[in-house]
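The structures considered in this document are given below.
Here come two complexes built around chain A, the first alongside chain B, the second alongside chain C.
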Partner chain A sequence: MAGEQVSSFVFRHSRRHLTRHFREWSVALALGLLLLMLAVLAAGFFQRNQLLSICSTAVPVLLVACGIALVIISRQIDISVGSQFAVCSVLLGLLVQAHWPMPLAGLAAIIAGAFCGAFNGALIAGLGLPSIVVTLATMVTWREGLRWWRQGEFVRDLPESFQWFGLGQAGGQTAVLATTVALFLLLVFGMKHISAGRFVYAVGSDTEAARLAGIRPPLVTFGVFVVTGTLTGLAALLNAVRFADVDPRTGTGLELQAIAAAVVGGVAISGGRGNLWGVLAGVLLLACIAPALVFLKLPPQWEKALQGCIILLAVAADGWRSVRRKH
Partner chain B sequence: MQLATVRVALRRALSGIYMTTPLLRLTNVTKSFGAVRALKGVSFELLAGEVHALVGENGAGKSTLIKIITGAHQPDTGAIEIDGTTVPRLSPASARTFGIAAIYQQPALFPDLSVSENIALGLERPSAARRARWKDRRRRAESLLERIGADIDPEAEVRRLSMPEQQLVEIARALGAGARMLLMDEPTASLTGREVDLLFASMNGLRAQGVGIIYISHRLQEVFQIADRVTALRDGETVGIRNVKNRGGEESTTTMQGVAPAAVNLPSGLLSPTLSSKGGEGADALTDSELIRLMVGRDVSTMFPPPEKAPGDLVFSVRDLGCRASGIRAVSFEVRAGEILGVAGLVGAGRTELARILFGITPADSGTIALGGRRLDLRSPGDAVEAGIAYVPEDRRRHGVILEMSVAVNVTLGILPWLCPRGWLRFGAERSLAQDYIRDLGIKAPSPDMRAGNLSGGNQQKLALARWLAAKPKVLILDEPTQGVDIGAKAEIHKLIRRLAAQGLTMLMISSELPEILGMSDRIAVMRGGTITTVLDRETADAHNIMAAALGQGRENDE
Partner chain C sequence: MNTNEHGSSKWQAFRRFETLLAFVLLLEILIFSKTGVNFATRGNMFEVLRLSTEIGLLALVMTPIILTGGIDLSVGSMLGLCAVLFGKMWRDAGLPIPLALACTLVIGAAGGGLNALLITRLNLPPLIVTLGSFSLFRGLAEALTRGVDNFTNFPKTYLFLGQGYLFGGVPAQLPVFALVVIGVWLLVHRTILGRSFRALGFSAEGARYAGIPVKKRLAQVYILSGIISALAALIYVARVGQAKSDAGTGYELLAITAVVLGGASIFGGTGTIHGTLLGVLVLAVLKIGLTLSDQPSELAGILTGGLLLAVLASEALLKKLSARRARASQASVRVLT
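Moving on, here comes the complex of A and B:
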């Protein structure tokens, strides 16, 4: 009898969890199915090196997507992250070239990201300008400013200590992944267990109600943009060390990848809803498409088209569910 | 001029004699929503060429009746006749074809399009492929606007028009669609005196053209000014139909140029027999006090829990408070511990605006607010919360609770720092706190994890209360605490408010429902024109003197 009650409680509880996190679980399921298909058809996919390389490619996207997720949850948008990413990367390269010690140069890159985010945040939260316009402007400004300044020139001749922090590929990859995992868990914890995380949801759900509850929405919005900029700076650092030199065109289209991953992972574009675990699933799913195509011996040109289909499928599922709920 | 006068007077006289069938007649209409009986038997009729006012307190059933007339709701029982023929079912579309049109307080126009386009969009069959005939549109707009005597450029952008001009455009559009019955719901609520005159002039013109107008307003002096007859509703029933004599609208309309001069100088000999033939019990002139009695008339105090103990020390005092932006001036009052100060007044008297100042949403620019002897400088809701002031806003669905979030999160949103002693949230504490309030306030939620949007209206209101009680405020401002809440939940909320008062909480309760104000308040502050004009004691207050104070002692204009 008691056992029955417990199991019915567990059942009810897990069912509620499933309905509430329907999207997160279905994306995870899709990812699982893809991996299963690969395991059956192309077991070569599951080599250590292969997985590590996919993961370290996904790291910058994941960090930026987490930032974007916060922005979207607070009912704003940031399309300037790709350009911020490039600015931070080039700055890092130049500082290292100028013989700054690697940790200091890395910190500077992160601070530069935070500054870019603060600039967006000040205009959006302080002056109440629409975020799409502000970040469109900064996206173009940073990117074109960089092009004018560097003339498309790579930052080359970087010291040994730059690539993989001088730890070698294996050690460097481990360090990058460990940092990312730790930071991701910290963000998940923060969004759930720190008041500030809940303020982000509250402001995104209903700004006026949040204000009446004593929250200061402009401060929350500003903070969200600063966090996003900081994460972008860090992502730039963890991405740049994978290579021997810095391409000033890096991060082109990164904003779209991040927004796509967030949306696929169940972050509602209307604000107030979303979950970083879903973002993680979204990032991994989209990141696995290209290598999976290679291993399944399908033409790799299909990557973008497939990603597009996944995005459409995800939002269509949302639309279908909400239409059905209304009836 | 003379000729027109005679012609229209003749037409009106004829319509009085021959067209005895009313445009619209409702007989014993009832309507229930679940357990709530919104209409318990309403009868109403509208004749061609009359302005028929519909009055009643909030909750008397006016809006339900409007929705039945416009076809938005179907009555449970009762008959609807149009032109003497019983209509089995009235849908929004068929109501339109019968010539019923509603004009609301906020015009539903496209602000970026021109007047003629707006009129055209309401009249032309929507078809993507059809060519727009701009000349025809313009000509039609001109003739319709001329018909209601509105001096508006058909090419003007609607956003540039004033509120009454926009209403006139809407009326023109309704007439273009063949409306013979106009339903005007609080059309003057946001208009100035001069703008009201403009609207009334047009209404007089329409009356002369045989259009029937149902006019709903809280402003009784306007009823006397414009209406031919009044139907009063109370608790979902028709409690009286009266003629209005000495309609005052005649003087004010003469200021308008070129507007329907006919109705203005109507010989009284023609007018009176027409009116008395329209039925109605009262042959004597209707007075405003009689009208108020009709609207209120019931013993209410027994429905409410009585106060439990006398108020304590002075807690909250406001001196000469003013705010230019929200039209509040020279507001002073004091409230004691455990006292409920009811704030009464008509819509637009400044009650919600006052609450928003006291909660720091629109900061005051003069005067002082003191809580427990300490002067407060409230620049934001955050300041007010810190000082110990809580505000449960009027528009609960929009601002009271966050519908997307769970019940528990809604309860604790204002007090998160208390739940994070070591910097992070303790979910156990949050849940048990939420559970306490769910039990305490009798919120019907199976679990604290339930989405707030899935609760009923009354439970959402209790949830909004719970958020603020959790913050342990010293002063609680309630804005329409039982608006849109069913009767059972209402009684529970009243009991709850009384219990909080007994615990020593100082409260301001804004309410448009007179029985609620009378039944719950220890003292009653009546607002009018942005300030408190009268403060009444529980013993001396009655519906009559509150209404009189809210209306400014009867019939003289607000200007």
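Moving on, here comes the complex of A and C:
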């Protein structure tokens, strides 16, 4: 009797969980199917080195996409993250070149990201300007400013301690992945169980209701942009250490990659809906496409077209579900 | 009486805004004719127009979309895809140029139709749909050319569209551009369709109650955007003389910048075609003027971003100030009565 009750509770609970997180699970399922197909057709994909390299390539996108997810959940958008990423990367390289110790330079890069985010946030939350236009302007300004300053020159001759924090490839990859996993779990916990995280959802669902509930929406919006900038700075740090020098053109198109991953992962552009597990699934799905094409011996030029198809399919599925529900 | 007053003050505000923009343009021209080599010549003025035709076309057609409260991020990718497909149809399928031109326009309409279908049938936000087709169109262009194929050696008669001059000095694409400007201006400012775009942007639900076929109107602007992007692709290929998969990269953002600089609200409802045209010219003159003045080209981007922020911030501050003044005058009226 008691067992039956428990099992029916578990059944009902898991069913509700499944319907509520339909999008997240369907993306995870798509990722699972892709991996299964690779396991059958090209088992070479599952070598340890291969997986590690895919994961460490996906790390910067994941961190930026988490920031973007917060921004979208609070019903804003940020298309300047790619340029912020480049500014932080170059700054990091130059500081290390100027013999700053690595931890200090890394911290400086993260703070620079936070400042870029705060600049966006001040204009958007303080003056009430539309976020897409503000971040469009800062995107162009940072990118062109960087090009003017560096003239497209790489930051070279970096000390040994720069690449992989001087830990060697294996140790460096472990450090990068461990940092990312820890931070990701922290963010997931924060969005679900800390009041600041819930404020983001509240402001995104209904700004006026949030204000009447005693939340200050401008402050939340500002905070979200600062967090996104900080995450972008950290992503730049974790990305830059993979290479021996810093390319000033890095991060071009990163903003659209991150938005795409968030949207595929079920973050609704209308605000208030989405979670970071879905974003993780979205990032991994999009990151696996290019290596999967190589391993399945298909022409790699199809990557972008396939990514576009996945985005359109994911949002079309969303739209179809909501249209059907209404009728 | 009250609504009339409201309407006229609004109109004045926009007139002021566009006068401001025209003043910025004039200032640019004055500065660059002092600093630039060969800037203030008739030939250079035509050159500015020649080089800004494609962005101008995209910005023109972006205006009605932004008026409806939407956005189209896929125009630059559409340009790239159309350029590549045009080259493929002409070289590989052996179609004669006029037929290939017509087919490219049809493909543009089909691409816009895909966006329209997803946006209207499934009620999806345009930002996300066109982000998806932004990737899809560019990806198809890369896949079809394997990222390296380049179409060149187009016939002279076709290249004339982008490189030729009429009556000694007028670039050949200028009449086409002027025609589209007049067409879109009439559409937006002098037809019921144009008014309904605006109504849609203010409130889609309200427009529906007023009997406007919301979905049909939305579909129309996105299909128009596809067609004009294809036209821009044809002019681009004729001007550059080659069709590669990276044609038009980043043009969508330039077009949006021009529209917003031209005074359109990104939330929809307000904006004008002449404002957009001024926005395009301000950006084009800035870029070419800086080049001719021997200044780094990156400065153009920085100034564009700065100008955009300055314009928006000053507008927001003015609005805040006038709201405060209105509140103050209301309070004083209350005290008097």
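Following the convention adopted for this analysis, the second predicted complex is superposed on the first by the 327 of 327 C-alpha atoms of A that agree within 3 Å, B and C clash if a C-alpha of one lies under 4 Å from a C-alpha of the other, contacts with A are read in each partner's own complex, and residues count from 1 in each chain.
Keep this in mind: a residue touches a chain if its C-beta (ideal position, glycine included) is under 8 Å from a C-beta of that chain, and two chains touch if they have at least 3 such contacts.
Nothing here was measured: the structure is a model prediction, and the numbers come from that model.
In the superposition on chain A, contact is made by A:G214 with chain B only, not with chain C. In the superposed model, A:D206 lies in contact with chain B only, and not with chain C.
Using the contact criterion defined above for the overlaid structures, shared-chain residue A:V323 touches chain C, although it does not reach chain B. Of the two partner chains placed by the overlay, only chain C lies in contact with A:G145; chain B stays clear of it.
In the superposition on chain A, A:F46 contacts neither chain B nor chain C. Taking chain A as the reference, the larger set of touched residues comes from C, when chain B and chain C are compared. Look at A:S195: by the touch rule set out above, it reaches chain B but stays clear of chain C. Chain contact summary for the complex, chain B toward chain A: residues 359, 361, 380-382, 384-386, 391, 393, 398-405, 409, 413-414, 416-417, 420, 423-425, 427, 449, 467, 471.
Here chain C touches chain A in the complex through residues 71, 118, 121-125, 127-129, 131-140, 142-143, 145-147, 253, 256-257, 260, 266-267, 296, 298-302, 304-306, 308-309, 312-313, 316-317, 320, going by the rule given at the top.
Across the complex, chain C is touched by residues 77, 123, 127-130, 132-134, 136-141, 143-145, 147-148, 256, 259-260, 263, 269-270, 299, 301-309, 311-312, 315-316, 318-320, 322-323 of chain A.
The touching residues of chain A, counted against chain B in their complex, run 16, 189, 192-195, 198-199, 201-202, 205-206, 208-216, 272-273.
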